[in-house]
C-alpha cells in the first residue's frame, strides 16, 4: 500500500475480486442439480444414473472455469498496471464467466432431447466463445505496445501469449460452429481445449529462465 | 499487523469483506434466471430469446455492481482510518448492494407487462438511488473535516469527489423519478450513469500527479 | 510465511475463511426472498408491500451478521495464536452463522400467522442465542490464562471483553425466552442488541492507548 | 510479488481460490433446507422437528468440509512450489468438495426412507471417499521426491503425513463399503473421522520444533 506500489496493488484488487467471482461461479454450478423425487417403488439409484447429463455438465464447466481461472491468474502476473479500460474489459469478461451456470443447466436439461440438443450445446459453446473473445481482448489491450505489462518482459513471450489466446479464441468459435453439425464433437473439443490449456505455457517462464541464465 | 499500521489494516478488512459481498452479489444474479421448460414440439431457441429481459437485467445489474465495486474500492484507497460509524454506514450500504438480485429478478419478470412495468422499474431504480445515498453518506462522513481520510490529500480532490458523488446520487434519484414517467428512460439513464462512472475520475490522481511534478 | 510469523498467519487464514463464510451467509439472505407472481389485474406494488416480513427479516439478519462479523474480526485482532480447539470452536460458531438464512426465511414466512409466530421467532432468537454461546466459548477459551491472546494485553481489557460477551450471551438467551411471551419484544431486543454492539467497545483500545501514553 | 517469491505467491493464489470454494460450498449447504409450508391447524414446531435429517446432514457436511479445509490449509503450508499437475489435481479435488451440497441434500431427503437409505448414504460416503482419494493423490504428488515441498522438511514428517492421508483415504472407502451393510455405521464412521482429523497431527510441527531446539 505504498505510493510506489499503488499500481500493483490495484491489479491485486482486480485479481482478488475476479478470484471471488470465479470461486462463486464454480461453486454455484452444484445448485443447478436438484435432488430427484422418487417413489418408494422406484429405484433412487436409477434416477441418479439418469441425471448423468447434470454431472457431465458440472464436471465440464468446473474444469473449464478452473482452467480459465488459472489462465486469468497467470495473465495478471504479467500485467503490472491497471486502467479504466482494463477494469471495464475485466467486468465484461467476468460477466461471461458468472453466466456459465445458466448454459450449464441448459445443457444438462436438454442434451438428451434430440429436438433441443443443438440449441443447448450452441448456447453453451457460444458462451465459452464470447468469454474467450473478451479474455483475448483484455490481453491484447494490456499487452499491446506494452500498455499495462512489465516493460522488461521478453517481446517473444508476449507474442507467444497473444498467439496462444487468439488461437484458443478461434478454437472456441470453432466449437460453437461445430455445435450445429455435431453437438458431441463440439463438447469434445471444449474438453480437449480445457485439457490443453492446463498444460504448461509454450514460451513462458522456462524460456525466460533459460535466457536469464544464459545472460549470467 | 503492526500497532502503527493497525488502522490501515482495519480498513483493509472492511474492504476484503465488502469485496466478498460484491463478488457474491454479482455472481448470484445468474441464479435468478431459471432454465425454461419446453416441450419437444416447441422451439427452445425461441423460448431463450423470450427470456431477453432476464439477460438485460443480468447485464445491467452486473455492470452496475461492477462499477459500484470499482468506485467503493477507489474510495477506500483514500480512506485510511475506520471507526464504528463508517463500519455501520458500510453495512447499510452493502445491505443495498446485496439486495440488488431481488429487484433485478423483479425487473426481468415484469418489464414486459405494461401493468407492472412502472412498479418493477421504480423498485429497481429506487434501490440504486438508496444505494447511492448510503455511498454518498459514507463518503461525506469519511471526508468531512478529513475525519478518516489521509490528511495529506489535496482539499480540491476531496471536493471534486464529493461533487461527483452528490451529483451521481441526484442522478440516480432522477432515474427513480423518471421510472414513473418513462421506464425505458429510467433504465437508459442507469446504463449511461454506469458507463460514465467507469470513466477516469475528473480531478483524481492525474491532477495530484501534476501538482507533485510541479513541486519538483 | 516466515517460521516465526507462522502462528499469526494461521489466525490470518482462519479469519479469511471466516470472512468468506460471513460474506456469503449475509449475501445469501436475499435468495430467500422470491419474486411474487401477480396477475395483470392485481397490483404488484401491493404484493411487494405485503412481503414486508421478508424485508424486515433481511434487514435484521443482515445487521446482525454484519455486527457479529465486526465483533469476530475485532476479537481475532487480540488472538495471536491458534490451536485445534480454537479451530473447532470456530467451525461450530460458523455453523450457526451460516445457518441463519434458514430461520430468517422461517421468520419472514410465519411472522404474520399468529398460530406459528412464536415458533418462528423462538427458532430465530434461539439460533442467535446458540451463536452467542459459541462466540463466548471461543473467547473464554482463547483469553483464559492468556492461552491464545497476546501476553502484553491489559488483564482489565480481557476482563471487560469477557463481561461484554457473557452479558451479550445472556441477553440473547433472554431474547429467546421472550419469544414465548412476546415475539415482538424478542425481535426488538435483538435489534437493540445489534445497535448496542455496533458502539465502540467500552474498555478497548482507547483505554489501552491512554495507559500507553501515561507510561511515556 | 517479488521474482524470488513468485513460486510461494503462486501457491498462495491456489490457497485463496480453494479457500473461496470451501467457504462457498460450506455456506451453500443451508440453501438445501427449504422452509416447510404448514397450515394454520398444523404445528410448525413438529414440522421443524421432522426436518431433523436436514439439520443432521447440514451439521455433518459442515463439520466435514471445515475439517477438510483445515487439512488442505495445513498441507499447503508445507507445499512451497506449484506446477500444472498440482493445479489440475487441486481442481479435481475442489470439484468433489463443491459437489458435497448435492449428496448432503440427497441424504437429508432419503435417510428416513428404508427403500432409498442405502443409495443415499452410499452416494454421500462415496463422494467423501473420492474426495479423500484426490486429496491423497495431491499430497503424494507434491511430497514424492520432495517434488513441491520445502526441501528442509524432515523426511519422517512427510512419511507420517503420507501414512495419515493414505489411512484416512482407506477409512473413507471403508465408510463407503459400510453403507451397503449399515448406513448408520457408515455415517458414524464419517463423524468419527472428522473428529479424529481435527486432532493435532501426530508427527507434525512439534517434532520439527524439537529437532530444531536440539540443534541449538
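A, B, C and D are the chain letters, set down in written order, and residue numbers restart from 1 in every chain.
To be clear about the criterion, a residue touches a chain if its C-beta (ideal position, glycine included) is under 8 Å from a C-beta of that chain, and two chains touch if they have at least 3 such contacts.
None of the values given here were measured: they were computed from a predicted structure.
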Touching chain A and also chain B, the following chains
none
What's the call on chain C versus chain D, same or different interface residues, using the half cut on shared numbers?
different
Overlaying chain B on chain C by their Cα positions calls for a rotation, in degrees to the nearest 5, of 90
In angstrom, rounded to a whole number, how far apart do the mean CA points of chain C and chain D lie?
26
Distance from the CA centroid of chain B to that of chain D, rounded to the nearest Å?
36
By the touch rule stated above, which residues of chain A touch at least two different other chains?
16, 20, 23-24, 28, 31
Which category does the touching pattern between chains fall into here: line, ring, star, complete, or other?
ring
Listed by label, touching pairs are A-B, A-D, B-C, C-D
Can you list the residues on chain D that touch chain A in the complex?
1, 6, 13, 16-17, 20-21, 24-25, 28, 31-32, 83-84, 87-88, 91, 94-95, 98-99, 101-102, 105-106, 109-110, 113, 115-116, 119-120, 123
Which bits of chain C are touching chain B when the two form their complex?
8, 15-16, 19-20, 22-24, 26-31, 33, 35, 37-38, 40-41, 43-45, 48, 58-59, 62-63, 66-67, 69-70, 73, 77, 198-200
